[in-house]
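Next come two complexes, and both contain chain A; in the first it sits with chain B, in the second with chain C.
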Partner chain A sequence: MNTSFRQSMAWLHTWSGLLVGWILFAIFLTGTVAFFNDEITVWMQPELKSFRSSEQALGHAVRFLEQKAPEARRWNISLPSKRGEGVNISWQPEQKDGEEPRRRRGDRSTSATLDDTGQAVNVRDTRGGNFLYRFHFNLHYMPVIWARWVVGFCTMFMLVAIVTGIVTHKKIFTDFFTLRLKKGQRSWLDGHNVTAVLALPFHLMITYTGLVTLMSLYMPWGIAANYKNTDSFYETVFPRGEETKRSGVSAPLVPLDDIVEKATALWGGKAPSNISITYPGDSAATVDITRSVIGELSSRRESLTFHGITGDLMPKKNSSGVGIETRNIMINVHAGRYSGTTLRWLYFLSGVAGTIMIGTGLVLWTVKRRQKLPDPARPHFGFRLIEKLNVGTIVGLPAGVAAYFLANRLLPVDMAERPIAEIDSMFVVWAGVFIWAMLRSTKRAWIEGFVAAAILYTAVPIVNSVTTDRGLLNSLLNHDWLFASFDITMILTAGCFFFLARKVQNHTPLAKPDRTKRNRPSSPTPNAGAAHIEPSDIAGVTVQAAALDTSK
Partner chain B sequence: MTIKDRLKITMRTAAAFIGGYVIASLGAAFLARFLPLSPDQASLMGAILSFAICTAVVMWAFAAQSITKLWLSMVVIAAMLGLPVWWSIITEGRL
Partner chain C sequence: MIHIFIFVCCLAGFFCLAAAMTRHQQELLKRKLPDMWNRPLSWAGYLVLSLAFILSIVAFGGATAPVIWLGHSTIAALIIVGFLTYKANAKPVKSAPLRNKPSQ
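After this line comes the complex of A and B, so read on.
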């Protein structure tokens, strides 16, 4: 351990990356997919077709709610944005004592999706992209708070792994342009470096801002230093305004179109995304209107409150300052909520690079160590475990996501607990790949796993076109770019997995002397691999190998 | 790896985990108390910056030459951050 700074950082990079790599892989993959969570939800509810005018939609929504839930405590109307389609409405019944106040989002007994004519559409029940988004920080099958601590802990490791990765990397700029294929470990290292360095600002940003999104959980001590009671902090930073009480006198609700017009004017033309009405039909009704965040860098959803009868703007104090602005911008940059389609794809591709970076990093660990094993044909238990975990995670999770999409199309539409069955399908397939990896040799497991994943992804657009009238051909003909992009992405993903399966199939492990030969073609001394490292080989892991060998 | 090496790694890891979180937390509290901002904004900035502090401490835990010195320095830094916070809370109170 008494080695140079860079060597100790290489050591830290290797181990902090390995220990939490599998969870990080899952966090990165689902987070990457979640950049399109709204689009995925749209795809997973194919019954919904596009909507035209949002003004008309508002009238329909109010009429529907007046009939369905006139006594509700609150109505909520989500207006169709460019990203999502359809008007989603929900209502919160007046609470009776001892009743559970929180309801699951998308519960069909208190929510509906309306079509062009204001009728509720019978859409299949699904968590859609939101499940993948929530899995990204809540994981699944475990209490949310534990999961968030696990995720935060792993994210902190990730931050350390990234910063030590940079420190380890002397020639960061050269490696940016270096990808040596068909060179065994070198190629894995280059692949790791290229995906890491290419999107480095993204990785640093996404990791740090990820910690900031949940910082009130991880780091409450800044607040505790200034406030005896955290509630008074939240009241200062996120003022909720006066709590109103139902008056009991009925009064007609102000036309919501007027409110939208006023709010849009106050926001300089920016559109609202959400309207909620508290105590509708009562003379104490209030209307909260929230601005759309698309195109806004600061994630605080600016909202205005109007009187529900007179339509007058009600005063509200909003906190501002460097702290809250920094936090809001960081959270919004993390989630990319402000971004349009092009930027969103860039986010997605950077996320894919991050996922590959973690995957190649994990594989690199085993590739690098296999040759140094006492008997490479019969590795010890820890090594085998890591190999199996690699296959199970790197192949199993993507295969599971494909199964999640397939289950959405294949399960009976009016099945009970349908969303849960969809989610379970994902974990069943994921667990299946794990078990398969345990039973097969590692190489066979990689090949068969990749092929299975590829088949599942190929099946998604096929099953979609068979079970709905919104197959790829129809989508292209109808200029339905969301559905078309989804199906094409599935096909491309399948192609990548077929390609990977083929690569592993044709792969013959480089024998140990090959490495030496590459460095010194004329004198193939066995055991000289580490001693003959070229200057160009100085990248973290290799430095460490050299250090280990020379220190003896 | 000898037992001595394992012990060293354990000591460094413990320093990284414990020292990392404790110093980051005290750093957050220190910034929250002494940044020239309103208390709510300073509290947020302290928390935001604490993750950078944590990263630096973890790296230091594995880079430092002497483990004894590392632990001693960590205690000194924690005290330098914690005592002023404690004193200012005692004298000025919290909201």
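After this line comes the complex of A and C, so read on.
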């Protein structure tokens, strides 16, 4: 071992980052977008006009449920938060003996979305932002548990890459503000460093807490040593409470507004987000009420149970020990569900920085090695593979996300299995970019890929204004900020991709400093040459930033 | 509103920190400062950043304040980097014709 500590860490950083870089890029990008998952869902269901007043929402919901499902075992009402969604209600029919409870999310026979006036809105079927959120840790087209292991493995590598990256970086403070452009490899390294160092608290936090979210899967031994099985662990930690029985005596339900008032007082003014009523109309009815997560990092006392007839607070086994509370807070910090709009954007932009960090890191690997190749015009198989994977992922995935949004608007509204078709279109486009990258020279593939992504992102607001009455102009006129900012973000993203395409187009590889005399003095042909793209001016600030991203 | 205050403080803090570094002074201040300025400037930077932190604690409580402060300071620092790079990048374009003139 002649290598110094720092060199060995640099080696580890390079290879741990490269091995899982593409999956990490996908996890980071979709995770970043998923900070706005509710907003994306709202955008993807344009039938529901933006929801403003929530005062009467509860009354509307109860009236609807009383008509629709008076005999149900349980009603569930999701109240609108400030994130623009409508009132989502669902009900669970009384199950017959021996029948398995069969509930599918979004099953329209037992759920509905209500608008301002309490009418059920026929919204299009979509997985919305939740698909991107789920993809971020469940991936797709594979069993969920495998995917979570893959994601956990990659996340662990991410943590290793971050720590070794800190060790490897020689001048964190001297180079803190340094981003030198038009200097080839130097610029790539600067771009990688700046996005890594400045958002380092975010990267460390998000990676570590990301592992914590699935810790009982990755490290099951604590549970295995102390509990008979996983179920008994969950039963102990999250007790479901006494299973009540229907009494058969009908009694009127307590006015839910009173319950909301009591709960809000107990929470110090925080609003509820979810109310569920078990055995509505029966004298044994209970009301569970859950606090909105917005503005509250802790999960203590977040759900209360009231008697459904008298409205009294019912005692509840409080399970929230310090360990559970710590875990819950970490998950909250990871997902940012508690955050208001400003903090959400800060999360989003930090996530964009992380996505750029991974992207620049991947490209840096090729930039650094291209000059050292025996013949840069004809690289060996491994090098070519990595170049193609870079194009396919860094361009392909954002293009796929745009296709997902487009499919939402273009597919027939009453199509069968519509949500699946939307998701498939994302992967079809992503795969298409991969195939295209295989067929073209690397430089052409970057340019054409960026142009294609830019066109797709430009198309989103256009198609939106053609297929719905909620185009950009209308939403600006109607102060519909959610729709407006979504469309504007799409346009900015498109702009960044056009900008990147131009940058690659105009790029000529730097004259090679002829350090190694052994190398043939080959002038790299511009065509096969260089997957280099200059990390563009940060002048356009969020820059190719948003470029690699989307949402809201 | 309080977000804007915190953000501006972070921006000012990182501006001071960058201005305290000799290599960035040309872009930020259009001239080099004597070395004796560097230390007070960096202290000023840390002070303003701490002020932003205190502001966020007062406004949001101890639990969320660190998250909000880190978020604002990350973006503020990225903007300072963007500004520095923009300035450094714009400079050679202006001076290029000057350098070329004698040779023409």
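The rule is short, and it goes like this: the second predicted complex is superposed on the first by the 483 of 552 C-alpha atoms of A that agree within 3 Å, B and C clash if a C-alpha of one lies under 4 Å from a C-alpha of the other, contacts with A are read in each partner's own complex, and residues count from 1 in each chain.
As a working rule, contacts are C-beta pairs under 8 Å (C-beta built on N, C-alpha and C of every residue); 3 or more make two chains touch, one makes a residue touch a chain.
None of the values given here were measured: they were computed from a predicted structure.
By the document's definition of touching, of the two partners only chain B reaches A:G323; chain C does not.
In the superposed model, A:S216 makes contact with chain B only, not with chain C. Within the superposed three-chain model, A:P376 lies out of touch with both chain B and chain C [touch as defined at top]. Within the superposed three-chain arrangement, the count of touched residues of chain A is higher for B, of the candidates chain B and chain C.
Applying the stated contact rule after C-alpha superposition, one finds that A:L343 touches chain C and leaves chain B untouched. By the touch criterion stated above, A:Y208 is placed in contact with chain B alone, chain C being left untouched. In the superposition on chain A, A:S232 makes contact with chain B only, not with chain C.
Of the two partner chains, chain B is the only one that A:T164 touches; chain C does not reach it. Residue contacts after overlaying the shared chain place A:P255 against neither chain B nor chain C. In the superposed model, A:S8 makes contact with chain B only, not with chain C.
The residues of chain A shared by its contacts with chain B and with chain C come to none at all.
For chain A in complex with chain B, the touching residues are 1-2, 5, 8-9, 11-12, 156, 159-160, 163-164, 167, 208, 211-212, 215-216, 219-228, 232-233, 236-237, 319, 321-324, 326-327, 330.
Per the touch definition, chain B reaches chain A in the complex via residues 5, 8-9, 12, 20, 24-26, 28-33, 37-48, 50-52, 54-55, 58-59, 62-63, 65, 85, 89, 94-95.
Only residues 174, 176-182, 194-195, 198-199, 201-202, 297-298, 329, 333, 338-339, 342-343, 346-347, 349-350, 353, 537-539, 541, 543 of chain A touch chain C when the two sit together in their complex. Across the complex, chain A is touched by residues 3, 14, 17-18, 21, 23-24, 63-64, 67-68, 70-72, 74-75, 77-82, 84-86, 88-89 of chain C.
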